[in-house]
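Presented sequentially are two complexes of subunit A, the first with subunit B as partner and the second with subunit C.
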Partner chain A sequence: MSMSFLPEDMNWICRPCGVKLQPSTVELSYLGSVFSVELPACPQCGAVLISEELATGRMLQVEQLLEDK
Partner chain B sequence: MIKLIDVVESVCPVCLRRVAANLIGEGETVSMVKECEEHGPFSTVIWRGPPAFESWLRPKIGYQGGRRDTSTDKGCPYDCGLCPEHAQRTCTALVEVTGRCNLQCPVCFAGSGNTAGSDEDIGQISDRFAAIFASTGGCNLQISGGEPTMREDLPDIINAAGKAGFTFIQLNTNGLRLAADLNLAEKYRDAGLSSVFLQFDGISDQPYRVLRGRPLWSEKQRALENLARVGLGVVLVATVARDVNEDMLWDIVRFGIEQQPTVRGVHFQPLSFFGRYPTGFTIDHVTLPEIMTDLQKQSAGILQAADFNPPGCEHALCSFSAKYLVNADGKPMRLGQGNSCNCQPTLAEEGARQSIDATARQWGPVTLPSAAVNHQPDDLDDFLARARTHTFSISAMAFQDVWNLNLERLRGCCIHVAPSGGGLVPFCAYNLTAMDGCSLYRRG
Partner chain C sequence: MDQKELREWESRCIQEEPPACTAGCPLGVDARAFVQAMVQGDMQTARRILEKTMPLIGITARICEAPCENFCLRKDLGGSIAVGLLERSCISSAPRQGKILCLPSRGKKTGVLGGGPSSLVAAFDLAKKGYAVTLISSTSPGGWLSDMPSTVIPPEILAEELAVLEKMGVWFESATTLTPDVLAEVRTRCQTVYIGHDGELDTELCNLLANVAPETMALPEEGLFTGGIADAEHLWRYITSVAQGRAAALSMDRHMQGVSLTAARPRPRHGHTDLFTSLKDVNPKARIIPSTENDNYSPDEARQEAERCINCQCLECVRHCVYLQEFGSYPKVYSRRVYNNEAIVKGTHQTNTFINSCSLCGQCEILCPHDFSMATLCLEARQRMVEENRMPPSAHAFALDEMRAALSSQFELVRMAPGHQSSSAIFFPGCQLAAVRPDQTIALYHHLRAQWRDTGIWIGCCGAPAHWAGRKTEFREIGEQFLQSWRKLGSPRVLTCCSSCLQMFRKQLPEVDAQSVWSITAPPLNAAAPAKQLPLALTDPCTARNDKATQAAVRRLIADLGQELADLPLSGELTECCGYGGLMDNANPELTRKVLENRVSQTSADFLTYCIMCREQLARTGRPVLHILDLLFPETARSAEEAPLGISTRRANRRALKIRLQEEYFGERISPPEEWQGISLKIASELLPILEKRRILTDDIRQVLWLTEQSGRYFEHQSRGIRLTSARLGEVFFWLEYVLNGNEYLLQKAWSHRMVPAKVTK
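This part shows the complex of A and B:
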């Protein structure tokens, strides 16, 4: 499956590690469902960047569906 | 051990006089036991098996707003209209556009037949739609009968409902004319119909022979084919009767799932003993917990009784529901949280508002995405695309008759019939008939 959700601007640095974020396949899990998506992640500590657009857009829609709201 | 759970108000099945009723628990069974000074004692089972009766209750803070067209004079259930005692707003208004029907079902809450009768004209019905919209402030609308498709001007009626402001318009039908006429579904859709509430008692001829008086299985399938062609949302509505089709519940659900995205859900209605029903029928209600448990058993655990929640809109004892997403492998995955609550009283009005929106979303036709995604689709996109077409609701509503009427439930009712004379009458009050067939509200 194709997976991608990367911002146009990939110029992000993980502040604690001082390392540039890299595209990475990440599993999002909520209420028993698991979703595989590609997100910018810190190659050192694994922290991921979830943009506002994703959080308030598709991710919110999925949450609401899973919650049946 | 026998225990008294609650004392409620009901009516005498013979004279409809108001009487006190005890809710008596014995093991997992709860009965309503009442006595009329003149006509003696009556006992009816209202709850059988898990989940426990008391765990299902959800107190609500009643809605006292909105327009009240009648005053409280004799008290519930004799002042419906709605009267100031009523504790819930209208979630669905039901308008009967004809008393005529092309079936003569042995079982019919409306007692409809094939007699000519006189239908209101489109102008009168339009006025009624406008009055309902003004009175309720907007709600979901169900066009019912009789059999509404008997009216040649039904597209005009649907259109008039839309003009009055209703956005979710549902047609309650046996589907026979939709099966026979290839073009009818399209006419209804183009007139603004959202959803079809299709009488659907099983997936073989046997339940139709008993409940409808003749085999109808092939006609039901043809109606569905014709509805699928035009993209209308369909809810399969099964009347569930003891020893008739209670062993077919999962079969109906499975069939409905196979008909996605046309079929948006299955709605079970345990047979109630009002209107017309065979005199030979034993008064034996199939209760909500039995349906939940049977769905689990018959589906071999694909569905769980614990999937189902009490309603936030009507009284807790009136219904259950659950929503699922059917995955590509055909397995339903339950959406939402389980049946748990802190059981603090909730606002009835808030429950009604949520229910109006949720019902329209789930029972209406599938919606297409507004815009193509501007990135490579991922799991989130796949899930959202699937959810647009493959959410599925399973629900049941237990109507009340003279045997099990609980006036607290009646006051919490959100499904209101709008009779031709004006006002709004809770569905179970409108259809209530005494043992001799006399009606409290229905005329003609």
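This part shows the complex of A and C:
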């Protein structure tokens, strides 16, 4: 699952940090597996944004795959 | 599951037993598959099926006397399928399909004396097995076959089959007469010799053929075998010869390989099979008589005749169960899949969803002639998955959360009757009734107390979801917890409306005297079926399948109410699950939809049930469904058309019911609500079905929003005025997109996931 999942709309500001989310390297882990992906995150506090499209699409598929592994 | 257990499971399902025709065929021809190919008019496939088992096919398919027909299940329903005539029809319409494959030479020689059909078959089989065969006859090979009318066996067909034998390496020799001297000479060059009774043997040689062992066709003298013993009067002269030639060839092969002639030798079935085939819905249909004078079917007649074939199968369970149909096979194969699923070390466990989709309803066990229980197979597989930590965490997550909530102090309530220090009985409505019909729960409690003043009340959960999810330990602990509280109450009789609770108590906690409310109540005085109510289809909950007493009590109650019932064939012990049972709906919502559609398609009547989950599930199809409480307590009746309640409403009802009971009945002080419950929330209506599908509760939403208020952390859109926040509750991350209006949250979107994100810091 090493891919970029940047939403079209990147205009999000992290509160209370007050800085714009930036494309960042994020590790997604589940049931002992770890994937490195590119996602919007706050450069200051590290908060990550998981979009609806990602959560209910590719991520859900991968979760189910890992559950059956 | 180990190999031995797998074998045990497999042996229970007899679907792979041969149909009667195959069992009645001395060659074991797959007549069922053959006839089915003929139904399609697919002569090539039909011929290929015959080629698999039939020696000298051009002759056998033309003159076999078809003893199989004697065993055909159509026999008394219009006459056996004319397998013989169909074979004739096939053989004259399709050329040979595959090459005859002979095993590589074994470097061993074997002899065949006589040119009758049995000798030709023995030669055929031995050549196929890789032996060098010499066939010695005194007349032209074929024996009595050459005397057949040419309309039955055209001479060129016999010549063709002999050419096939030659091509397979059979060496033809001739002798003036077949005498013991010829035999003695052959024995010097061959390890085994077959002597065909149906050849032209001289009397002295014939005399040597006494005392044959019928199973192996071996003669007392080592290395000698015989066959073709059927005489011209014999009803099945040809096929008997063929079968004997084949049996002898098998023995000769074993003899030459130095293995036992009898050990693990497949026994002739003589029509015996364990395959069960229901003839319940099979209507008589007369056999098609060929219209042409040569007694052969036209292609059309052949198809019509083939269409009469019942296509004998068991599949009793599969015919009725949408779940078993969904995965395309039958329990014998399914048990292998479960076994293989466990054997996998690396790779995908493709059978997980299958195992978790069974509703554990037990209908298959009732239908199966050998009591195969898919429920037990799947439940035990789930238990092993849990034990070995292989159970997908999300498979049953929501149902387990719901159960744990119902058991938590927030929702559970256990009380003696108001003003009583002991209770001879306690009312246990079951977790779902309390959540879906709080008013009726109270009405029923009143009603019970009118009969027995000291009836206490227990709003809780029996732990069935833990059991269904394969969580043995958790289920046992819930049971122990239950017993403790129950003993504290003085071990009262437990009165429940829920068949699942009743089943759990009876199985798991036999010391508890658990009874169905329906079997002890009489209708209240004001109860009656609404005027002009049409007959209703009563669906028994699957967990009451074996509870005849409750089934009967419910029917009595309904009769007392004056309510008529419509016919619903699959009810009582054959009833179907609504998809809630076994947590099917959790693991496979798509399948549940099909199950429900199938159930309501069985009747045009509205439904009536005495299980609240059956009511809620069936109502999802749009078919009107009443719960028996709607008839018993008209003043609290809900419309049969009412849509099922959502997950959040159920949760809210549970909470409200506990508070109401505490305040109204027990005059207790209510503990203040949790802080997050004070969050002011508005949800866009188009979002509601999505929340339902994603199983996101308004409780979850409020908690996430409250946590956001505490932390002050969220994302804000630069221009659109919306906010985005998330929090992890248990194993699940929830995300909310909303607008904050004063202190009211307007929720626009919500989603969740389980993967854990972490930004990599450089």
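The rule is short, and it goes like this: the second predicted complex is superposed on the first by the 65 of 69 C-alpha atoms of A that agree within 3 Å, B and C clash if a C-alpha of one lies under 4 Å from a C-alpha of the other, contacts with A are read in each partner's own complex, and residues count from 1 in each chain.
By our rule, contacts are C-beta pairs under 8 Å (C-beta built on N, C-alpha and C of every residue); 3 or more make two chains touch, one makes a residue touch a chain.
Worth saying up front: this structure is predicted, and the values here are computed from it rather than measured.
When both complexes are overlaid on chain A, the residue A:Glu67 reaches subunit B and subunit C alike.
In the superposition on chain A, contact of A:Cys14 is made with subunit C only, not with subunit B. Residue by residue along subunit A, subunit B and subunit C are tallied for touches, and C comes out ahead.
Look at A:Arg58: by the touch rule set out above, it reaches subunit B but stays clear of subunit C.
Once the two complexes are laid over each other on the shared chain, residue contacts for A:Ala41 go to subunit C alone; subunit B is not touched.
Counting contacts as defined above, subunit A residues 28, 31, 36, 59, 62, 65, 67-69 meet subunit B in one complex and subunit C in the other. Across the complex, subunit A meets subunit B through its residues 1-5, 28, 31, 33, 35-38, 58-59, 61-62, 65-69. Within the complex, the subunit B residues that touch subunit A are 323, 325, 333, 335-337, 375-384, 387, 391.
Those residues of subunit C lying in contact with subunit A across their complex are 347-350, 352-353, 392-395, 694, 712-720, 724, 726, 733, 735, 737, 749, 751-761. Of all residues in subunit A, only 9, 11-16, 20-21, 24-31, 36, 39, 41-42, 45-50, 52, 55-56, 59-60, 62-65, 67-69 touch subunit C in the complex they form.
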